[in-house]
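Labels run A, B and C following the written order; every chain starts at residue 1.
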Amino acid sequence: MEFTARQIATFLHGEVVGNQEVIINSVSKIEEGIPGTLTFLANPKYNSYLYETKASVVLINKSLVLEKEVEPTLIRVENAYDALAKLMEIYVQSIPVKTGIEMPSFINSSATVDSDTYVGAFAYLDEGVKIGKNVQIYPHCFVGKNVEIEDNTVLFSGVKVYPECKIGKNCILHSGVVIGSDGFGFAPEKDGTYKKLHQIGNVIIHNDVEIGANTTIDCATMGSTIIRSGVKIDNLVQIAHNVDVGENTVMAAFVGVSGSSKIGKNCIFGGQAGVAGHLKIGNNVTLGGKTGASNDIEDNKILMGEWGMDASKFRRVYAVFRNLPDLYKDLYQLRREVKNLKAE
Amino acid sequence: MEFTARQIATFLHGEVVGNQEVIINSVSKIEEGIPGTLTFLANPKYNSYLYETKASVVLINKSLVLEKEVEPTLIRVENAYDALAKLMEIYVQSIPVKTGIEMPSFINSSATVDSDTYVGAFAYLDEGVKIGKNVQIYPHCFVGKNVEIEDNTVLFSGVKVYPECKIGKNCILHSGVVIGSDGFGFAPEKDGTYKKLHQIGNVIIHNDVEIGANTTIDCATMGSTIIRSGVKIDNLVQIAHNVDVGENTVMAAFVGVSGSSKIGKNCIFGGQAGVAGHLKIGNNVTLGGKTGASNDIEDNKILMGEWGMDASKFRRVYAVFRNLPDLYKDLYQLRREVKNLKAE
Amino acid sequence: MEFTARQIATFLHGEVVGNQEVIINSVSKIEEGIPGTLTFLANPKYNSYLYETKASVVLINKSLVLEKEVEPTLIRVENAYDALAKLMEIYVQSIPVKTGIEMPSFINSSATVDSDTYVGAFAYLDEGVKIGKNVQIYPHCFVGKNVEIEDNTVLFSGVKVYPECKIGKNCILHSGVVIGSDGFGFAPEKDGTYKKLHQIGNVIIHNDVEIGANTTIDCATMGSTIIRSGVKIDNLVQIAHNVDVGENTVMAAFVGVSGSSKIGKNCIFGGQAGVAGHLKIGNNVTLGGKTGASNDIEDNKILMGEWGMDASKFRRVYAVFRNLPDLYKDLYQLRREVKNLKAE
């Protein structure tokens, strides 16, 4: 698709400075600066690139004061970042969505699939599956018995959903996601072996949830593992059996939540953070990267460190920790001084 | 399926208190308490729920003394938890198992598949593959050349098994598991590039092993990576080339074991623990969550912390660590005092 | 395949000691010592096995001085390890490579596939895909719209490549790898929900890159996530949007690199290491296992510890850390002494 600077400015209610008829057919980062593309400048840190970029059109904030002349056409808007996000959304929506059923796919005769839905080749829909409107099920997805998937949800290639799980509206599950695998439950026997505790629960995913590639969410032992509306989960995250994740909570890559823990709303968990089992984590809790949580956490707390310390305390502890060799030297210097004093 | 309280009590050799004919068709957790379901009470922490639950039937320990009247029908058994596990096993066994070969699947003419086995649509069985009795191979599994899978083993959708690997009896491999991918072996060249060391070994998995979703187990450089009987591995675990995991060892999510390490029997590794390469870890070793092991470990040790310290020592170290700011203050207070003493 | 010791010695320009006509048909580790196999001895730590092994042929260094008589045939070469690597390469190259298009597979009519290429059953090649010479695409791979894959690259079973990504020559992508999934980008809204930032970039993988099983590499928000030539990535690694990984950098399992960080050439990242977002990591940087990097790092640095400390400093800090209980005791002993001095 091609657009002129004028067309884009009109769409964004922006003001063009320079050649209105210059044509762009893609976007690029300002430091890449590819001719024929549109870019943007929102972060003042990158201002200098404006005078070097070879991009054809740059979105800038109305408020930006130019230091010298620039080569590309400018489009001045209220907020360059928001304007770009709007353009990207339009761009993505302009990509034609697949519909219909590609062959060969496997759809059990008792499965119901809405007519606007895409079912890719080699997708597998088992007995009793119910698929809503405008759902996209890419190739190699497995949708187990009695699974329900509501409107506008997308399962990218290779998503696996075990039987009886439920997925809400407007969700996005990336490639390799596994939903509903058995919880890790074993009872130790006297001879040192383990007996499997059969896992008969499911996973329920509410609306507007996005789940990153190769993330795994286990089914409940009984009842449901629950991912509530608006939750955003990155790649390679592990959510164990019977966990309940509150609305709009965000988890970065390699976060692990152990069995039966209940996570509040609007939490943010940094990469490689871990939560032990059977805990209650409040609302608006932040765990820094690599943080371990092994106790219940109250609302609004920020924790850091392998042992989940309050962040402000952790920073004080760490300031001493990183200077331990000096502290050690000071202590033993002092010891000598005391020894001398005693000898006097 | 529906059962009366009486039918369940008979099956469990339990005693009914209340309406014997109440019908249940599912199970729930006692705190959820859904009418028409059976629940259980084993942990005294949850006793209060017994008087509030709306579940229709509750399994309780014979020894439990009621504090007041309860609404649901009770079934008194020797051990409520064991009775439940027994019911769950019966329930799972009641789910009909798929058999036969679904089309389209790809089975090389030289592969041998026992007649009771299930091969799902889009499964791929390469040359020389041997599949035992009652094996279930779900859709999208890849079973490479000469792989052998013994009786009663289940490969859920999307398991990938590289050529020449062997999987024993009664194993469960969850979706996305990769068995036999190349070990990570590269020889540095003088120009800074790396030369691949070809990996010609395989993976051997003994009996009664369960492997969680998206876990990866690399083949040996030469010889075999071995997972011994009764090992239970959670989701998203990494086992490198030539590792040997002893019987009944348990590993939680995100555990990583580096190349050629030998792990003993009956070990327990917590989530996000890591083991360096070429180590010998004894029997009955416990690694806490996030623990790093970078040295050999003797039998029966419990280690904690990023640097794999003996747990009792780690607790003492950590008790001081978390109070470092106070220690710092005390030290510099003391310094002032000594300075004053010296000045006297 | 079977070879005599004489044939192998001729190929390796080595010298046979013992029975030249002994036949081997496989390789084994010297401590396993299986009759009918060839093994090698390169590490002096394993010298004693030479006198016990039941292997039929052993590759040894020319320089090795025997302590007593040995049973197997020996082949003396300049460097036993290199000779073995050469044999393993020959062995791997002797395994017949699949070619042609297996059915049923799905190849869009606008996709171009070179005639020497293997496309396995149940593979999916979308619109505009371009596949070079001698490429192997195993069953269950998904190759999205307009993806280009250059000569000699291998995608093992179940690799997923999102639209518009590019993969160079001589690459190996192991099972379950996901290339080009959406970057993790969300803008917080006033009501606590998050708005998805659409991700319209791609992933570009240069030549000679190997990527381990179930590793995920996200597409760029705009522009490209770049993996440069010679990079070697282990299993279960996460590379976020807009990351740029320099030539010949090596990453072990569970490494996570956050969005927009730029990693230099010839770096080595240990297992479970993490790099925060928007950082610049120099060339030849080493991160120990479990190390966290939260600041830019200069060339040639070696970092250790959860908080990414210079390794030599970390070792000094840790030496004090592990003796904190003693330091604590010494401090409070000293306090008592000072108290006594003051009382005098």
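Please note the rule applied: a residue touches a chain if its C-beta (ideal position, glycine included) is under 8 Å from a C-beta of that chain, and two chains touch if they have at least 3 such contacts.
Keep in mind that what you see is a predicted model, and the values were worked out from it rather than measured.
Different-residue interface: chain A and chain B share under half of the residue numbers found at their contact.
The rotation relating chain A to chain C, fitted on Cα atoms, comes to 120°, given as a multiple of 5.
Our note on geometry: chain A versus chain B, Cα centroid distance of 25 Å, whole angstroms. Residue positions of chain B with contacts to 2 or more other chains are 104, 122, 140, 158, 176, 214, 236, 254, 272, 290, 306, 321, 327, 331, 334, 338, 341.
Per the touch definition, chain C reaches chain A in the complex via residues 104, 106, 122, 124, 140, 142, 158, 160, 162, 176, 178, 181-182, 184, 186-187, 192-198, 200, 214, 216, 218, 222-223, 236, 238, 240, 254, 256, 258, 272, 274, 276, 290, 292, 294, 306-307, 309, 313, 316-317, 319-321, 327, 330-331, 334, 337-338, 341. Residue ranges on chain B touching chain A, taken from their complex, read 27-29, 32, 85, 88-89, 91-92, 102, 104, 120-122, 138-140, 156-158, 172, 174-176, 208, 210, 212-214, 230, 232, 234-236, 247-248, 250, 252-254, 265-266, 271-272, 289-290, 305-306, 318, 321-322, 324-325, 327-328, 331, 334-335, 338, 341-342.
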